Structure formats: C-alpha cells, structure tokens
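Each of the next two complexes has subunit A plus one more chain, namely subunit B in the first and subunit C in the second.
Coming up: the complex of A and B.
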C-alpha cells in the first residue's frame, strides 16, 4: 500500500518531521492480515492488554507498598483495608498475573500447533520465549513482595536451587540473597527488579511485534499470504475482533477479581513470613507447577551429576529446548491441521503438561489421582520423559515419516472450501 | 463462534478442575457450611457480626491478637460513632512518650487498634504452654476452606484421643487440626457470653457468629467488592454483546 496522505495540517507537520503517525497507520491500519485467523489468534493482543494492566496497577500499588521485611506484609494489608479501592488494585494485579500466564500459555500452544515457530518466524518465536522467561522471573519476584509464608519459603526453595551448581553454587546463592538467608536485602533487590523487568518485557514486546510485522502473521492453514485476496487490513477487521475477545476475557478476569479473588492463591501467603516455621507444603504459583514437577522428578544421579543439579538443568532445559524447535521440527508443513499423526502427539503434549502441573502441586509420595500404588513422583518422571521426547524425538521423527494431507493452494481457496472448519 | 464458545467452556472446566486439584495437599476436609456472605449476592448479617464481635472480645481476645482491627473499623459491622467510642473506652492503650519522655496509658479512641493481649510473641508463648496464639485478623483467608475450617476446628474437639494416639503434654485432640494435637483448649462451651440481642448462646450459635466475624475482619471489603462486581459484569456482558454485533456487521462482507 502507498504512503498515506495527511490532509490535516498539524498531522502533516508532525508526520513530516517524525513519521510516527505514518508508522502507526502502517502497523495498525494497513497491516495485511490473513483473513482466516481463528479466535486462537486473540491471545497475543490479550497478553499485551494484561501487561499494560499489570504495569498500571503495579505503579499504584508501589505508591502504598513498603519494601521492608518488617513492614511489607502490613503495608499490603493497609492497601487492602485503608487505601481507597486498594483491594481492587491489588486483586487486579494478583489475578492479572494468573491471567497473563493463561493468555501466554494459550498463545504458545497455539504457536506450537500451527507451526508459528518455523521459518521465517524463528526470531519472532525466540523473542516470545525471552518474554516468557522475563515473565517468569518477574512473577517469581513479585510473589515474594507481600512477604507471606509462601513468599518467603518459595523464595528460599527457588534461590537455593542455584546452590546445585558445583564450586560457584554456594557463593552464588549468598550473592543472590545479599546475606546468608532470604532476608531484607533479598526483598529489596526483588522489589527493584520486579519494577524493572516489566519494562524489559515491554521492550521485548515491541521487538516481538516488530518481528511479527516483518514476517506477517501465521494462520490456521500455515500457508503464507500469496495474493491480496488472502489478506484484509488489520483495522477494522481485527481491531473489532480483538475488542470482542477482550470483552469476553474481561468478563472472566473480573469475575475472579470480584467474586473469587483468592482462587489462584495459596492461603499460607496470608500468614506473615516466619523464618522459624516451615509450611508443611511449599508450592509455587500454579503457572510454575509443570516446571516444578520436572525439577522434582529427577531424584537420581546420572554420569556422576548429582540429582539436584540434574533437576535444575532439566527444569531450565524444558524452556531452552523451545529455542531449537524450529530446527527439531523436520516437517515441511506448518499447521498441524494437515498433519494427521503429529496432531495427536500435540494433544498428548498438552495433556502431559497438565499432568506435570498436577504432579507439581502434590507431594512426591502422594498417590496419583488417588490411585494406590501409583506415586506422584513416578507419574511426574514419565511425564517429564515424554515432555523431552516430544521435542527431541517425536518432532524430528514424525516430521520425516508422516504423510501430510494436501495443503490448500492459498488462504482464500481454503476459506472458500470452508477450510476454517476442516 | 460455536467453536469458540465450546473451546472457552472446555478451557474453563479444565482450568477449574485443574486448579481445584492442584491445591496443596490438605488434612481432613471440613464440612461445607452455608454462610450468608457466599455466592454472587452474599452479604454479611450485621447482627451476627456484632454477636461474633462479642464472642471474640469476651473469649478469643484474652489470648489472640487482632492486629488489623481498629475500633473505627467496627462501623463496618453496624456500630455508630457513639457506640464505637463507648467500646473503645472499655480499653486502655499505651501512648507516648509525653513531653517528660514517659510512656503512659490512656483510654482508647476509635482511631486506636484493638490492644494485643500480650506484650510480645514470647510473652504470649510463655503464657500459653509454649505455643503463640496466632493473630486472627486474616485467619479466614489463611487456611484452606477458611470459614468452614474455623467452624470445624472450634467444634472439632474430642474429649478422648482415639485409641493408640499418644497425646503430647498440654495438647488437646482436635479432629480438624492438621496434626490433631492442638495447644488451644476448647475455647467455647455454650453460654460463654450473654448476647446483648437476647439470642440464645448455644455453642453452635457462638461458633457460627465468631466465624462470621473472623471472615468479616479478613475480608471487610467483601460487600463493596461484590456490589461493584455485579455492576461491572453486567456492563461488560452488554458491552461484549454489542461488540459481537459490531464484529459480525463489519465482517459480514468478508469470506472467512
């Protein structure tokens, strides 16, 4: 499309000197978007919306929060009781974290199903994983700030993981803590970083959208835009679709905020941190549970590497492996819609992640789903094994062996044949 | 749209089932009670909260602190300014230092917090067989099943431990306490208070009332929250329906 002509003199004056209006017009108005995007493509913009909500509510929380080990818990309760609408701001922030992860996880699984990581979208995918990592660090440090029992003990368990590294482990943990246990210096630095990282995420999101606009959106067929008939302008078609999705999302999000604000939380975090009393079960927030299960499922040493270090490495590897899947996936076809075999492995992967989450929430020795003789740790180990097999074995092998269904010649052809329901 | 709705419903179910299942392992699950503040339209019963406050200040407050309760907050359970001043005047708080540098005690004002029964946690533990009675301000949010748990715990004492259970010195057997051995002696027996509104003070009545009060002090914003939530959700449902209509209109000419 040609460069827009601005009739308004002020707009033109500004745009001639800083073409920011043209840029926005180009990115949000003209951006040619596949006409067949399903509602699974709503979650990127939803995640962006939650990010802004989190930053805004967070800024107002900070105005009333005191980052000190002796005062943090009380200051949070003061927000809940004495600050005007403080309960609303805090519950928006607390539940927003869970909503952020729900949106991002759906967004990631959508990318996995439709092959959105494959060429030419590898860098777009990488930036997405970096966003996930930054989100995890931010969420973890944010959970420490109210200084409840789970804040304190979660921080203790997770930071202690770094002691698994040989030689540098113990000094590294002391350095992270700023002392010899989780304490006031730890709280202060986590607060500082919890304020910093969201802006890093914001910068990464800008790069993510930039990369997206360079390579264009993928779509349910995985077939690239070929002719102008395949695409429609982003505005008004996807702006209104995103707005509708946002309405549905807000109903769900705000239902939790107003009617079940502690649904995603652990009751123990309403007890002030007490270094002398360890909770019976230390569990991370739900969005970390699958990774926690992978960490704990390694209870054996291998090649002389101690179990703890192996567990830590496995946990990090669970995310690092995502960086290389553009090359692990050998299939020429992007969308799993046309991959009759891989499609089912994808379903297994999703179920596998839910099972890992369940295992992460339970004690390793508990019976799995109430089944006697089947321990959570055993199931967790099998689920961990599948998680890595999926990426390291299933992806390369199935990609080579499978015979994909015939692809539509173009997006418009698939649309005319009712391909959206295929 | 149909596919979208189905996906959304399936996701909601999976999420709920998953989240319910993923809570940390718990002890004995307390029976679910019918509380007035439950549900979308639930509200507190002011008379019950006032009775609960009476139980709290007569019985619980002799050992337990309530650090987030200021006398002025009692407005939330239906007391007027004069009543609050009168209630505050029943208590003495430490203030100071005065111009001579001395700490002194004075009658409490509505802006004061409810005084702690002990000078510090150590003193509290020393007076209670080594176990510090926990602060009660957040108890209804700080235990799985919150109010149901408090209700079950207060009524869950057994006179005799089951056969084969060795009780530690100074502990009481409680069916719902995690280790079943609790340091708190049974606090309520019935007729522990004489209710000012003439309600009969059976043990069950007292337990329900004090549980309601503890839930209120843990979630004093509950009524404002639910009332606002109703308006917000109604607005959003209408807005979303309208956005959907606009979306259909805009997309009407597009094959997709």
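Coming up: the complex of A and C.
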C-alpha cells in the first residue's frame, strides 16, 4: 500500500497538508478485503447509512420540536399534521431507529457466528459493544421526547431501575430526574443528551472503522488473508455490493415508512403523558424486549441481594458479558462453519433471544404462547438461564471439547473448492 | 537546582520528584472534581422544584370506602377513607408475614385515613385500586399492573416484586376534615 500519487494539483496541495484524501482512499478504495465476504458483511455499512439518516432527520425534527413537558406532545403532532413533509421526516426517524437496531443486531450475531471477536479483533469488538450501549441510551431518551404515555412511563420504569442500588439509589434517581418524578427537567436533559449521543456514536464508529482497518475484515472461513490472492480492493467490488444491499434495505425501510409507519410503535404513545395514570401494560420498544425479559425474570433474591437489584444487575450483565467473550471462547477456530458442535449452540442462542423478546412483550403471568400451565415468567427464567450459560459455560467448554472440521489452507483455496456453500 | 539536592542519595531527586508529581496529580484530580461538581449538581432538583408548595386537601367529600388521588411534588398521593373491615385487616396481620414489616399504627395518624405516596416501590408505576372498580389486588389495597405487586389496606407490600411498602409522606391534620401534605 504505497501512498497514492495525486495528479490533480488542488487535491495534491490539500493532501500534502492534511492527508485526509489519502486516508479516505486507503479506507474506502484500496482497502484489501477478503474476496469471499457474504451478504452478512453488508450490515456494518448499512448501520452507518442509518446513523447518517438518523442524524439528518433528527436535525430537521429539532427545528420544529419543543422540549417542554407542556408542549412536546403537541409539537410532535404539529410536525405530523402541519409541517411540510413533517410526517415523512418523523416516520423516517421513528422507523430508522428500528432499522438501526435490526442492522446492528444482525451485525453482532454475524460477529458471534464467525468468531469476529477473537484475537486480534477484541478492541474492534469492544468498540462495537460501546456503540450498542450508546445506541440504547440514545433510543431510550429519544422515545421519551414525544412525551406520550409510553414515553413517560417507560422513562419512569427505566430510571427507577437505578433506585435498586443500595444507599446511592434514591439520590441517584432524583439526580437523573432533576425532581421527584419524571418531569420537565427530565425531558430537557434527555433532549440535550439525545442530540449529543449520536455524535458520540459517530466518533465511536470512526474508531471502529479505524480498528477494523488495522486488523482487517474477518470472513466466512475465519482464515486470515495470507497472500494478495486472498483479497480484492474494496472499490469497486464491495462498494457495489454495499450499494446493492442498500437498495434492498431501502425497499424494506421505506416500506415501513410509507405503508406501516406505526408497525413498531405503541398506540398508547399517541396519548399525552399523564403522571396520574399508568397504562395497563407497559412495554419498551421491541429492541429492548430481550433485556426487559431478563430484568423481569429475576423475581427471587439470591445471596442476600434483593430481587430488584439482582434483576438490574442481570440486565446489565447481559451486555457486559459480551466484553469478555474473546476470553470465554476457548476454541482456536474462528468460524462456526468449521465448528460442528458450537454451530448448534449458536442456533439455540438465536432462538433463545427471540424467546426472551417474546417474554419481554407479555405479562409475566400470561400463558406462554397460549400454553396453559406454562407461564411467561417461567419460560423467561429458563431463557435467561440459557443466555448466561451459553457465554459462561458453553463457550469455554465446547471450545475445549469439540473437534473442529479441517480448515482450508487459505481463503483462495476455500473459494476454489466451492467453500462458499459449506 | 538539581545540584543542591544531589545529596539525598545516588538516585538524585527521586523522593522530591515523586512527591511533586503526586502532589500535582492530587491537586489536579481534586481541582477537576471541584470544577465538575457545579455541572453535576446543576442536574439535581433546582430551587423552584424544591420549593414546590405543600398541598392542602379537604377530606369532607370522601365517603367511607372511597379513595382519592392528589398531586404532590409531581407524584400522586393516595388518600383512602378506610372501612372498619380494612382497618381490622391491616391491624390483624402478623408482622412476620410482611415483606417490609411495619405495624398499621406506625403508618397512619388517624385510623380511618390512610395516606401514602401512590408510587409503586418496584419501578415507579401508579398502582390501581384508588378509583372505585379498579382491581385492588389480593389484599384489599392496591394492585400494580406493571409487574404485579399487591399492597394491602395499609399500603404494605404483600406479594410481587416491590421491595418496600408504599411510602408515607409527612402530613398534618389541620382540622378533622383537612390535611396538609408536605
């Protein structure tokens, strides 16, 4: 990778003083990319695209949004009814949040399946989890802004989680609220942070891509690039593939925006916040449901830790555990394609997460999938148990016991032998 | 300067330098902390929020068996005019059956009036059971729909995930039929 020589005088003049053009050229043009990447590798650039969409639509929403407890709800209704294309900008933003999480969740499970968190990609993986955490905070605070019933009560329930901590709990919650309940000061600070955090995410994305380019992309075989034959330049091969993926993605995203804009939403959020009445059934946005299920499934105390605190700790642990999986996974093989046993545990984990999501959406005492005698809470507890067992027991133990299939000598060999079908 | 301190040993300046580094770091850390504090504290309830007046409630319109909700510091307060049966139920429970043991006596000033903050001690939902017809749970008090906590006719937690009894706010009876909360 020698530094490119620029023919255009202006380009050269700038680049000699600030090598930003060379940098972008390295990153998006000549970046040597494994030649066997599948469509699973599209979701990173898609997430980046959605981030930009969120920031742009957000900036235009702010031009008409009023962050005040008495006026926020009406200002959002005004965006929907009176502002030119306000409905479009808001629906892009609302559905964009769901699309963002879909892309990022697929992106994460891709990493889990192909062992992309293993050396030398641990820091890359960590930055990814930080992005997930920042996204969750952003989406949570954004959901409060329209000041509907779900906004208000979701904020109440989630901020109250922090009251579970001994001693500091109550002062902490009062501090988060800026009052004695969720109210105008809370709305204002959430607005401030909701504007700030996406730019923090943007910074993290830059670090994420920087780390990626230092360690290079993983690929479906999990075998590193060994010779130049194993890789192709990013442009035009992957720029075109990413663009194609973006087209497909836009069809799906815009289908929701135009034809089912409230599909992911809760009707209760079109009722203005009322501090005196809790909706009968509080549910978070779909992307939080698995974590919500983990939180609620802990209804017992353990080692003297009260249930409420334990639930909160379990919920946070569900994400924190992802930071240490590079060391929990003892297998020397990256890609699950060559891991006949672990592969099936991975499938169970995915199903487990869907079951958690289902449990998070239902009332604890409801029958699970209409099965009498089987309560949602019980299934939620089992699913929570598996979630943690997967990372804390299955990963280390299966990694040690399993006999992996033989790895291809190189990416090229696997491609020539039709490895893409394996 | 270094020449004058050489005497302290073959590793010149070590102690003095270490001390200076430590002291500078400590001052830096404390100073940064002090500079941060105003920003952190600005997020705590402001004076106008703290000054939120107390509320006075007229009780004469609440019939026996009825309850009302009033707003205090942005939160609902439940005021229930308890029936003989509800009072008796609340008094008859053995303390060892309670999650957060408290006698009914310690939670009321006048037996027939139960006054509690209407915020579930689990995660802050408003329990149902104040308006007539709402579910009151298994113990004749309140039922929280969010995660299924049951409170009894003294506002004490009896079943479900909530760890504590409904809080009793500070209040004083101004007359027999009027109470000041806060």
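Basically, the second predicted complex is superposed on the first by the 422 of 422 C-alpha atoms of A that agree within 3 Å, B and C clash if a C-alpha of one lies under 4 Å from a C-alpha of the other, contacts with A are read in each partner's own complex, and residues count from 1 in each chain.
By our rule, a contact is a pair of C-beta atoms (placed from the backbone, for glycine too) under 8 Å apart; a residue touches a chain by one contact, two chains touch by 3 or more.
Keep in mind it's a predicted model, so treat the numbers as computed, not measured.
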After the superposition on A, what does A:281 contact: first (subunit B), second (subunit C), both or neither?
both
Return first, second, both or neither, reflecting whether A:254 touches subunit B, subunit C, both chains, or no partner chain.
first
Of subunit B and subunit C, which one contacts the greater number of residues in subunit A?
B
Would you check which partner chain A:101 touches, where first means subunit B only, second means subunit C only, and both and neither mean what they say?
neither
Return first, second, both or neither, reflecting whether A:240 touches subunit B, subunit C, both chains, or no partner chain.
first
Scan A:125 for contacts with subunit B and subunit C and give back first, second, both or neither.
neither
Touch test for A:262: subunit B only (first), subunit C only (second), both, or neither?
first
Is A:114 in contact with subunit B, with subunit C, with both, or with neither (first, second, both, neither)?
neither
Subunit B versus subunit C as contact partner of A:183, first or second or both or neither
second
Footprint overlap on subunit A, comparing subunit B with subunit C:
280-281, 363
Complex contacts: residues of subunit A adjacent to subunit C:
153, 156-161, 163, 174-183, 185, 189, 275-278, 280-282, 296, 299, 306-308, 311, 363-365
Subunit A partner contacts - residues on subunit B that touch it in the complex:
3-4, 7-8, 11-12, 14-15, 18-19, 21-25, 40, 67-68, 73, 134, 137-138, 141-144, 146, 178, 218, 220-221, 225-226, 228-230, 232-233, 236-237, 239-240, 243-244, 246-247, 250-251, 254-256
So, in the complex, the side of subunit C touching subunit A is made of residues 40, 43-46, 49, 69, 71, 73-76, 119, 122-126, 128, 144-148, 161-163
Complex contacts: residues of subunit A adjacent to subunit B:
35-36, 38-39, 74, 77, 80-81, 87-88, 91, 102, 106, 232, 236-237, 240-241, 243-244, 247-248, 250-252, 254-255, 257-259, 261-264, 266-268, 270-271, 280-281, 283, 286, 289, 354, 357-358, 360-363, 366, 412, 415-416, 420-421
